[in-house]
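Two complexes follow with subunit A in common, the first pairing it with subunit B and the second with subunit C.
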Partner chain A sequence: MNKMIEVRDATKHFGVGEVLKDVSFSVNEGEIFSVVGPSGGGKTTLLRCLAGLETFSAGEMSIDGDDMTHKKANERPVSLVFQEPLLFPHMTIRENVGYGLKFLDISKKEKSKRIDDFLSIVGLPEYENRYPRELSGGQKQRVALARGLILSPKLLLLDEPFSSLDRKLREEMRRWVRRLLKEKNITAVFVTHDQDEAMQVGDVIGVFREGTFEQIGSPEKVYENPQTSEVARFFGDAWVIDEMRFIPKRNLSIERIEIEEKVQWRGVIEGARFVKGYRFMEVLLDDEEEHIMLPAPEDFHTGENVYVSTDASNIRTFQQNREKR
Partner chain B sequence: MKKILFWVIAMLFIISPVGILVLQSFTSPGSWTEFSLYGWRGLFETTRLLEATGTSLTIGFFVTVINIAVGMSAGKALALYTFHGKTAVDTLFVMPLLVPILAITFGVHIAMIRIGLADTGLGVILIHLVPTVPYSIRIFRNGYVSLGRRMQEQAETLGASAGRTFFDIELPLLKPSVQSVIFLTFVISLSQYVITSIIGGGTVVTLAMVYFPFLDSADTTLIAAFSIWFAVLPLLFYITAGAVFRLLPYRRKSGRRELF
Partner chain C sequence: MKLSARIKPWLLLTPALLFLLLPLYGLWSAFRLSVYPDGKLTGQVYVRLFSHSDFLLSFFYSLWIAAASTFLSLLIGWFFTRAFVPMLERTGGRLTVWLPMVFPHFVWAYLVLLLFQEGGLVSGLLPGNRAYANDPEGVGIILTYMGKEIPFVILMLLPVYLTRNRLYDDLTETLGGCWISKIRDAELPFVTPVLIETGIIIFAFTFSAYEVPALVGATFPEMLSILTFDWFYSGDWSERPLAFAAMVFLTTVIGLISLLLFHFINKMRRNITEGL
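What follows is the complex of A and B.
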């Protein structure tokens, strides 16, 4: 497959701090690349560098084979949708959607047709003459997306575009955006701090921490085979024993009694939690002083002594060697 | 209740003083009832009235334009960029307001005589910048602080050049700041008497130079007419500036009617 964007050994300094450290990755045409990681890890800086709003201190990047390293933001075939919709408040929805078309060499008729198309794609044709303040948060974000997509960018950058929406709307938007990007075969880099969102939207996931990628791979691969303890901890669905070993949580169970042939850790039930319709028990482990949340079909009392159990064969080790794409 | 209070206060402090002024300018001296154009006739018979008005408008125009240019660039830098000595520069920009303007003018006068700017319009324009530019920088700085830079960045990623971003996004969204600066600067420039007379040396005759000597006279009718003339100028200037602003792209087509 054709590599749409390629970044090689990119670094970024702000004063003495190094925000990006030797970042290298590529995204194939039509692929959605989710960049997921804790806040403050440099994800937004990476995106700003890709958009051309900041420049890399060192390293190179190309889009569709053309070198972009020193191109300005307005000269790159890249659209960026920010966390907030940032619609221009003094323009109508129609003017907002069509703003970027002013800088393209196409006929007025063609422009008007494209705006009509995109207004109906985002489902807001009857709002064309309204002003941004008259729209709801979700509608605004849809307009922002249309405004970026109408330019048929070679690369679409999304910086936590759903984080200001409520949960239900957020989930709707994820599905809708993914379908839209796939339909239009858009190459996208999608930044989020939410691992569910990253897996739901992305074809490929890059776990980004402290200025660099810890691991890049398909959602399944990153989820099942975290290469470092940080990746495993971040996804939170594996229990990290130490820097070398982890156990997927689905292989752990809570037992009332000691079982000879199992590996067990003593703990105390702290209470019940309910997540998306399932009952979980929160266990405080004795020696580790660590909490662990496990699904529990039967009822345990708060304060009850239990054993977190697994078979020895379920203990896995991290493959520290980082794979680079 | 609130509405009534509003109108009582407005009546007492705004509408009635202006009304009295207008009434006075159209009646004969010493009478409140006898209609007379005496005051207005006297005003237009004043030597060099129109010439002084023209001079005031010209000087005010350039002072305002320079204020917008300087205020915008300095205000933007202070609001959006980080650089060494920012606090010092910020303080320095307010200094002209802390030193008595007469002290500055006397000092600057000597320098202007040396380089040939004394007794010229340009000299007067320059000295009018002293009491106005610090305000403009403040106003634009606040404007840029609340605007931020993300709207401009969004425009850039959509393909807009720096120039387009300025005219399409920055200028329309900073309209309230521009309005304040235009009005404030023009009024301040128009009212300068002492510094204008020192630097202009009597050669540059502005409206204030013609107006102030009248204050000595007891002819309240004539002064009333003069005051109205004086007050109408900034308003006219403001409306004209508003018309120019209408030429900008993306003006609001609906919503409330605005002067600007």
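What follows is the complex of A and C.
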């Protein structure tokens, strides 16, 4: 598959602080690359460098084989969709969608046709003469996406575009955006701090922390085989025993009694939690002084002493995963 | 509850409305005396006014000075604000803009006299020792107003620039725009309502103020405020209604321009504040 974007040994300094540290990755044509990581880790800086709004302090990047390292933002075949929709409030929806076409050398007729097409694609043809103030948050973000896509960019960058939407709308938008990008075969880098969102939207996941990728791989691979304790803590639903070992949470259970052939940790039920229709119990582990949330089919009571149990074979090491790479 | 919600704004506005009654009473009184000069209703005073060559000359002269002062103050004030926002954010920077606001127009006019009158500090350096105070082109008046109004424009625009979402600049650039598109599409639409509003205030003030043209204006042509003052206090009582008519006309012109522009910016402001 053709590599649409390639970044090699990229770094970025602001003063004495190093925000990006030897970042290297590539994204194939038509692939969606989710960059997920905690806030303040440098994700947005990475995206701004890819867009050309900032320059890498060192390193190279190319898009479709062309060197882009020193090109300005308005010379790159890249569109960026921001956290906020940033629609021009004084322009109609039609004018907003067609904004970038003003800078292209194409006929009026072609411009008009493209705007019509993209208004239909985002399902807002009847809103063309309205102003942004008349649209909901989700509709505004659709317009922002259409405004970016209408330029047929070789690379689409999405910087947490759903973060300002409510949960239900956010989930709808994730599905809709993924379907749209796949239909149009758009290469995209999607930045988020939400692991569910990263998995749902991306074909490939990159866990980004403290200015560098901790791990890159398919969502399933990163989820099942975290290579570092940080990836396991942030991305996988794993209980990290120490910096070397972890147990996937699905291999853990809560027991009332001590079972000799199992590995067990003593704890006390702190309370029940409900996540997406499932009941979980929060257990405070005695030795670890750590909370762990596990599904609990039985009706445990708050304050009850329990054992968090697993088979010894379920204990895995990060080293194993690194070797599997 | 509904009644109180309807009455509440009016109650809150009462002090402002009561205060507004004073100038309205003055305007009404001037209007009454301009249409009842001899106790009989007549439009004769206005016919005399509009056929008076001194009035027409003063009117267009005032219009030129007010328009030039407003335009130049807005343009230079806007340029300064956008160029020096990071400096103006700091207390020292803000103080340098605040200080000129403290001095009265009289002080600025005196400064222009010192610098630009014949033999003045700057005039002496200009080719042909050209003096710009008390000049018939009104440059001295315009310079005085600029000295005072540019800081005012900066202070009005500064909050807009400090709160403006600069991501719009980035957005414009990623969509293919250059620096001109950034100013046109990402900056001016957010600044324009305040620029227009500030322009209305400066225009209304410079069009009708007396102090500055009296100090640094030429003896001919005169600005409208000087002419009406002369008419009002001249020994010939028959000229006093002309002063009233001129003031009523001036107020009407400023009022109509303000209404028109306020209507224009209201829609613009609504789109901007609600559309973000």
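Please note the rule applied: the second predicted complex is superposed on the first by the 318 of 325 C-alpha atoms of A that agree within 3 Å, B and C clash if a C-alpha of one lies under 4 Å from a C-alpha of the other, contacts with A are read in each partner's own complex, and residues count from 1 in each chain.
Criterion: a residue touches a chain if its C-beta (ideal position, glycine included) is under 8 Å from a C-beta of that chain, and two chains touch if they have at least 3 such contacts.
Not measured: the values here are computed from a predicted model.
K.L.:
State whether subunit B and subunit C clash or fit side by side on subunit A once the two structures are superposed.
P.N.:
Here subunit B and subunit C cannot both sit on subunit A without a clash.
K.L.:
Between subunit B and subunit C, whom does A:82 touch in the aligned arrangement: first, second, both, or neither?
P.N.:
both
K.L.:
Where does A:14 make contact in the superposed view: on subunit B (first), on subunit C (second), on both, or on neither?
P.N.:
The answer is neither, since A:14 touches no partner chain.
K.L.:
Looking at the overlay, what does A:278 touch: subunit B (first), subunit C (second), both, or neither?
P.N.:
neither
K.L.:
Identify the partner contact of A:132: answer first if only subunit B is touched, second if only subunit C is, both if each is, neither if none is.
P.N.:
A:132 contacts subunit C only, not subunit B.
K.L.:
Name the residues of subunit A shared by its contacts with subunit B and its contacts with subunit C.
P.N.:
Shared contact residues on subunit A: 51-53, 72-74, 76, 78-80, 82, 84, 86, 88-90, 99-100, 102-104, 131, 147-148, 151.
K.L.:
In the complex of these two chains, what residues of subunit C are touching subunit A?
P.N.:
Residue positions touching the partner: 165, 167-168, 170-171, 173-178, 181, 185-186, 189, 268, 270-276.
K.L.:
Taking the touch rule as given, give the residues of subunit A at its contact with subunit C in the complex, in rising order.
P.N.:
That would be residues 48, 51-53, 72-74, 76, 78-80, 82, 84, 86-90, 99-100, 102-104, 131-133, 147-148, 151 of subunit A.
K.L.:
What residues on subunit B touch subunit A, complex-wise?
P.N.:
Residues 150-151, 153-161, 164, 168-169, 172-173, 250-255 of subunit B touch subunit A in their complex.
K.L.:
Which residues of subunit A touch subunit B in the complex?
P.N.:
51-53, 72-74, 76, 78-80, 82, 84, 86, 88-92, 95, 99-100, 102-104, 129, 131, 147-148, 151
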